[in-house]
Amino acid sequence: MLQYFVKRLGIALLVVLTVSVISFGLLRLSGDLAQNLAGEGATPAQVDEIRVLYGLDRSMIAQYFDWAGSALKGDLGRSLFSNDPVFELITHRLPVTFTLAVSSLLLAICVALPLGVFAAVYRNSWIDRAALGLAVFGSAVPSFWFALVLIYVFGVQFRLLPISGSTTWAHFIMPTVTLSTMVMPQIMRLTRGGMIDALDADYVKMAWAKGLNPMAVFFKHALRNALLPVVSLAAVSLGFLLGGSVIVESVFSVNGIGSLAYESIKRADFPVVQSILFVLSFVYVVLTLLSDLINARIDPRIRLH
Amino acid sequence: MNYWSRIMSAAGALMLVASPALAGPEDGTLTVALATPVEAVDIYMGPGPEVAMTANAVFNPLVAYDTGSQSYRGVIAESWTRIDDETIEFKLRPDLVFQDGSALDSEDVAYTINFIANPETRFRLKSRYSSLVGAEAVDPLTVRVATRGPFPMLMARMIGIPIYPSDSHSALGADYANWGRAPIGSGPYRVVGFDESTGIVMERWDGYQLGPLPEFKSITFRPLPDRQTQIAEMMAGRLDVIVASSPDQVAALTSMPGFEATIIPDMLVQYMYLDAAGRSGIEFFSDVRVRQAVFHAIDRDAIRNNIISGGTAVGELTRLCLPYQVGCPDGGSPLSYDPDLARSLLAEAGYPDGFDLQVSTWGPSRPIAEAVVGYLRAVGIRASVDALTLGAYRQKQVEGGLQALVSSYPYGGLPDTGVVVDFFFASPDRDYYGDPRLPALTAEANSILDEDRRAALFRETLDLVQDEAFILPISRDPAVILHTDAVSVDASPRGDVLFAQFSLFESFGTTPAILGWAD
Amino acid sequence: MLDTHADTILSLRDVEVTFPLRRGLFSKPGALHAVNRISLDVQRGEFISIVGESGCGKSTLAKTLLGLQPATAGTISINGKDLAAYSRKDLAHQVQPIFQDPYSSLNPRKSVASNIALPLILSENPPASEVRDRVREIMQMVSLPQRFEHTYPSQMSGGQRQRVAIARALITKPKILICDEPTSALDVSVQAQILNLLRDLSRRLNLTSIFISHDLSVVRHLTQRIAVMYLGRVVELGESEQVFNSPRHPYTQLLIRSILPPDPTHRLPTLVWDGGGPDPTNPPAGCHFNPRCRYAVDRCRVELPALVEADGQQVACHAWADPAKWRAAGGQIPQLS
Amino acid sequence: MAYAYEACGEPILSVRNLEVSLKTSVGELKATRGISFDICPGETFAIVGESGCGKSISSMALMGLLPRIATARADRCVFDGQEILNLSRRKLSNIRGNTLSMIFQDPMTSLNPVYTIGDQLTEVFLRHGKGNRKQARERAVFLLERVGIKNAAERLGAYPHQLSGGLRQRVVIAMAMMCRPKLIIADEPTTALDVTVQMRTLALLAELQREFGLAIILITHDLGVVASLSDRVAVMYAGQIVETAPTRQLFADPTHPYTQGLIQCIPSYEPPNPDAELHTIPGMVPSLIGKQRGCAFRNRCSLAVDACGEGDEIALRELGEGHAYRCLQPHDALVANWRLLQGESA
Amino acid sequence: MSNAPAPLDNMDLPMPSPRQQSWMMAKHHVGLQIGALIVLVFTIWAVFAPFLAPADPYVQNLANRLAPMIWQDGGSWDHILGTDGFGRDLLSRLIWGTQVTMIVGFGAAFISGVVGTTLGMLGGYLGGKIDAAVIFLINVKLAMPGVLIALSLVSIFGGSLLSITIILSLLFWDRFAVVTRTATQQVRTREYIAAAECSGASKAWILFREILPNISNQIIVIGSLEMGIAILIEAALSFLGLGIQPPTPSWGILVSEARDTMFFKPHLIVIPGLAICILVIGINLLGDGIRDITEPQGRN
């Protein structure tokens, strides 16, 4: 078990490292940061000065190790645009996005898990069809469009909910609902599929044959086995939501990591973009490790691997 | 009237009857949308319109420019004299204080100028200040600013240099980027709350010395990047002021009772240039007839009236510079809209079937580029929009990849035509004209102090641009302030231009702030 | 010990197949000896069986003989030539398989005819008309009506599919047929059809057949020789009837006693639980069978018995190496009670 | 009456005319066509047949575990004095695992991999209110030891994947015994096991049955298993019982041509004649989709006559002593056929 | 009766062929039919856009901006759905937008399908170090926040149809790889693969002639799902201004352009939004349906 996780951890670190190299290289492809820093009116001499001032004249490898070295110490450099320490920018914004992503995931799970279970239990019934219909619709509706419709209906027409910002819990309702539609269908489908497999399994037949009541069969015997892929998906989804909240954040003016990334991409503030990619991949890797731990709790076969 | 529209108007009516704006004269709080989140109330760290709007309420520069009389006037400075070609001496107003009660004297001015001129301090667009060598406090009310060689645009630059208190700013040391979260200035508003997510809260500083106190007791700046969210919030009564970004936004909101739009003219210039030098590998624009054909194909009036917010209220733009700018020559007649002539010019130049063209653009000029592309397609040029982010645009420009560019002149508000020619012709990056006369003329104009000679050089430069069809001035771009009818906007020419549309809250001398409560 | 007969077609010498076992990051990597030093000679035209329970290595041995799994040590020669020296295509003309599961042994996306034709196309690639003729010929040989040509495996019953698999194996006219439990997934009535077909074909075509099974009763009817495997090793080898009538190794005896005849007078033997199937990843020291063996003495827990000749059979058991000495030491001679 | 051999008083289970049909994409499939039998307390009743004959689905129907696409009906299906086929789910679940329990075919999949075997053993005990947690544990330890598992108390904490197949099947058997059932339905309990393990498992079942006086329905395709374990046997073919008899009687005097063929197919019944072919039953099981007429075996039967394809079904003929078969041919002709078959393989 | 070969003339085929069976199921599969109908209609729109669109989608008329729909006051037959902010015919842009949207969606799904399937099959079949490398690549891909990477890449490489398609295809190959890898591992253990190996089949033959046809259902199903997601993400990127560039009429751009007027001319935003939604629903239903009628466990 411990060895298994040491190995997983090693691979995870390698993954993060690779991601950081790729994002670093990718963003340096995007052109000369010194030009951006100097602004449109600058002369070549001024650009050169800036290049030296910011250390951009050194080799890519030296720059990477420089960045990676400070990143290990928690220093992710400074924004080209506002000169703020990137670490602070991210730590200011991450909690907002994290709240949003976690609440969306929780909402998605709270809706999708029971729905998936009952859709599997009552296969081909109206509840199954309704759940599948919801999943099909949920995975087809463009989130930005859905967000606008929500704003229109609940924000403008009925004025029930605040439209933008992230001050109170009420502000999070519409973004959470919108964002959760991005992961809910998948969780629902996976729960349903896993439950169908589990319900067909011999050990569930055995549970029925033991005279257990339906709730014990569904939730004790079937769901726990169906849950493994759902837990993994939930971790992946959370990572996805953290990085994919950019649209929702933009529409609802939530000042999270997504909008920071979006703004930074638009204005070519690449130290920020690069660090966000790095941090998100790190978070993702941590989440998958976490899901592995949870799965190991759920399934002893993994534990004793 | 269809279902949606009916619901819409019902909703609108309901909204206005049911709940009045949350903000308003009752509690003296004004809520303003920020199209880009402001990370720091510090124009040096974050050069951009939204930062300017907030920073200008907190800080004051040495001087301001009066667009009415087209002359500089003192703000923190009382008077100024040129010592020599490279030095100007400013006399400060006596007894000025910062919001923390510390004295505002020549030390602070010298500190601020030396801070931005210091080659070791890092911030973006620093090259704007590269002509400054430094400043020196002669006595508590006298400060001398030195430039690298004769620098005719020093006064224009000075209006964009807010003065920081030396003690508190220097105390931050290397963490000067944090200054903007709790800034201390000498302006009419103090920052009392700063949060990137919820916004910036400012309160009126009753100790303001440089002009009449503004009317709003407090202002909340809320970051709202999305256009429709701004409208929704405005309709929901949670917002008082938006700087409009499209004519549709204006038309939409003003069609409802309770909302008004006020136009403040002449903020930006929209322009287009073509790769006459052939840097991107295309050769057709080296023929002046093709360039003329392109410019003839574009209906500038239609673009101004339909695409540019407030465009109907401003006149035609005939030159690249704005009329209030020092040295901007009058006259000028850009190529008229004449698609037939455009087609025949193209045929004459050997392109009867047109050609493929990428019209690059970035930022807010994108709809204009889209309209331009539509016009070019109408005369047979297979144009498409190449919308870029700032970074990609700069990269492409430096690498010589632009075939044609529709963009805006982003330093609007600096009241000197020298800034304009410098912007277009000084840097080799931007040189898609291939005419050596242009940089030569610019270099001369920006290294002498004789205003008449400069004006002559500007006229020569801009006439050359017009004759050779290098650049098409498309439109002057006003700022449109969308506001509730509880707010009044004074759009008359005034003496406090400094990124004018974004200095809505400060007042100098006897002139009140642009924004106030409606009676 | 083993004479290489003049007409030996397949010869195994000390063949070993091991799989690395990674137990953990810090522990020593172990090894699973799936096949452990097996030597065997098979005569041309012979029908030989390899019998053992799950995990004894018989399927790995089949794979090795088919060239699907390289031997880690030892040599296998076919017609006197090393197996590794054959090209895949030449080997296809020598050895062909028939697998256990009729539901997975045919490509469900291909028609019956193209399933059968595959080895032919791959090894000879004759013109389409010849392919068609030979497919029809071989289908007739395994008694598949021609109208099955264009049907798909999913439309057929298990027995029919197994006939297709046999046809496919025989279309290249191989010399050796490796049958890996070809009837264990079939119903008894169909199993008999397939067994008859296999025996009939191997006689008619003078095939050498190696028949792998866990079921001794199936094997008895078909084969001339039987090899019994336990944990990767051959523990007994001999003529079929002889092995059945006088099994020497305690394990073979256990296997024979485990056969349940369809005879209501036969009563289940009362046996104590012996722990059941062995763990191939962790075989016991000495004779691998010793924990389940009621004759085991101390020596059996230490020393691995070699395969020795005992009355025409070969047995790997200390008791049979020198029965007199064994008895003298107080050991019991294993008997089929 | 052919259904019960001995007068056992009240049968523990009495089934009359059980029909199970499945809805498939290609039509309705009649998995069983009216099967009837009685089971006396303490006897082992084997149902034997090849795959698809309907033997497993009948047991599933009795347990109320039919898949969704299947429906069952019967004239009578009384277990322990209670009609169970149309019982409410709640009442049925009070019987299942309690007085009526089941052993599934594959021990590798019939234990839930995520719970310890102790948990799974005590669960059924607690569910049926047989005692408290401590008593459940004691019973589990007792039964595990009884089925031959050493260190039973320790093994309670083990997960299924830590046990070998043979041990798991023993756990499953112990689980079936937890509530002292009156009847165990064992569906191919040893098919997935190795031959040596199979024998021991069957021996264990026989012991347990003697010791606790259980009735067992043994579902299998293996006549060897039938012969060694069962008291009475029913041979099923294509959804019908084609022959039923006391086990000794069946092997001594197999009457239905299918039973005869089945017995004859088994390779090692007689010492082999190296040149003789194995007996085979030619052809294959007919499709069960749609309406069936006459004898389902007629297309594989050497004795078939035209009349075999007529009528809805062939009537069961009684031979006395609980022996009955479903064939138009008289007993004499069938006995002659059996002699012929035996002579052929000799 | 017992002579070999056993008589087989009474062998019959109890089951319909796979194709017949799928067809029978398709006839009863409402979701599949609806999906197929939607996709068919949109495909026809896309392919015949030049003939179906009433006007040139690029011709602008700034004097006739935001003209109303035909059934609104002031609507005219010239512009059935009215005009957009540049006076272009909305219906024509919607129809041409179908083409753009479907090219991007299909192109991205296709490219990522080819890349992902190749990687997945290689990893699944060859195993060992190659498999470890494929898994590592998949992990790296999963760890990168896709939408942000796409936004960055568009900002670097621009928003042409080709670059958007390629950038989007970078986002989706991992699911193909994961699914085909697992499927290949399953198929690899099938005995017909071993049989083919015993017949001297090369690795390429086994991968493409034996394994690929057997996992093609799953590839098609994933492909349809990914195509739906690609369409949604393209629309989202365009909505954020970092997608397909105007005046190309992508549906995302239509939604984005309608934002300023959404509260006053809602049809401008409702129609393209619904178009995206319906097309993606159609594609998903089609994909689900194909899986239902082709997967072996879906039978019986």
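Lettered A, B, C, D and E in written order, each chain numbered from 1.
Please note the rule applied: contacts are C-beta pairs under 8 Å (C-beta built on N, C-alpha and C of every residue); 3 or more make two chains touch, one makes a residue touch a chain.
What you are looking at is a predicted structure, and each value in this text was computed from that prediction instead of being measured.
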In the chain contact graph, what is the shortest path length, in steps, from subunit B to subunit C? 2
Which chain has its C-alpha centre farthest away from the C-alpha centre of subunit C? B
Two chains sharing the most contacts, counting C-beta pairs only: A-B
Whole-Å distance, C-alpha centre of subunit A to that of subunit E, is 23
Can you work out the whole-Å distance between the CA centroids of subunit A and subunit D? 53
Note: subunit D sits from subunit B at a C-alpha centroid distance in Å of 89
Dist(centroid_CA(subunit B), centroid_CA(subunit E)) in Å evaluates to 44
Multi-partner residues in subunit A (2 or more other chains touched) are 30-31, 148, 152, 156, 250, 265-266, 268
Can you tell me which residues of subunit C touch two or more of the remaining chains? 157, 160, 193, 196, 200
Where subunit B touches two or more other chains at once, the residues are 226, 228, 232, 235, 389, 391-392
List the residues on subunit C that touch subunit E in their complex, please. 63, 66-68, 87-89, 91-92, 95-97, 99-101, 104-110, 115, 118-119, 122-123, 142-145, 148, 151-152, 154-157, 160, 165, 168-169, 172, 193, 196-197, 200
Subunit E contact footprint on subunit A (complex, rising order): 11, 14-16, 18-19, 22-23, 26-27, 29-31, 136-137, 139-145, 148-149, 152, 156, 236, 239-240, 242-244, 246-247, 250, 258, 261-262, 265-266, 268, 273, 276-277, 280-281, 284-285, 288
Under the definition above, what is the set of subunit E residues touching subunit C in their complex? 4-6, 8-9, 11, 13-18, 189-192, 194-201, 205, 210, 213-214, 296
So, in the complex, the side of subunit D touching subunit C is made of residues 50-51, 148, 164-167, 194-200, 202-204, 206-207, 221-229, 247-248, 250-251, 261-263, 265-269, 272, 277-282, 284-285
For subunit C, which residues are in contact with subunit D within the complex? 53-54, 157, 159-160, 187-193, 195-196, 199-200, 214-218, 220-221, 254-255, 257-274, 276-277, 279
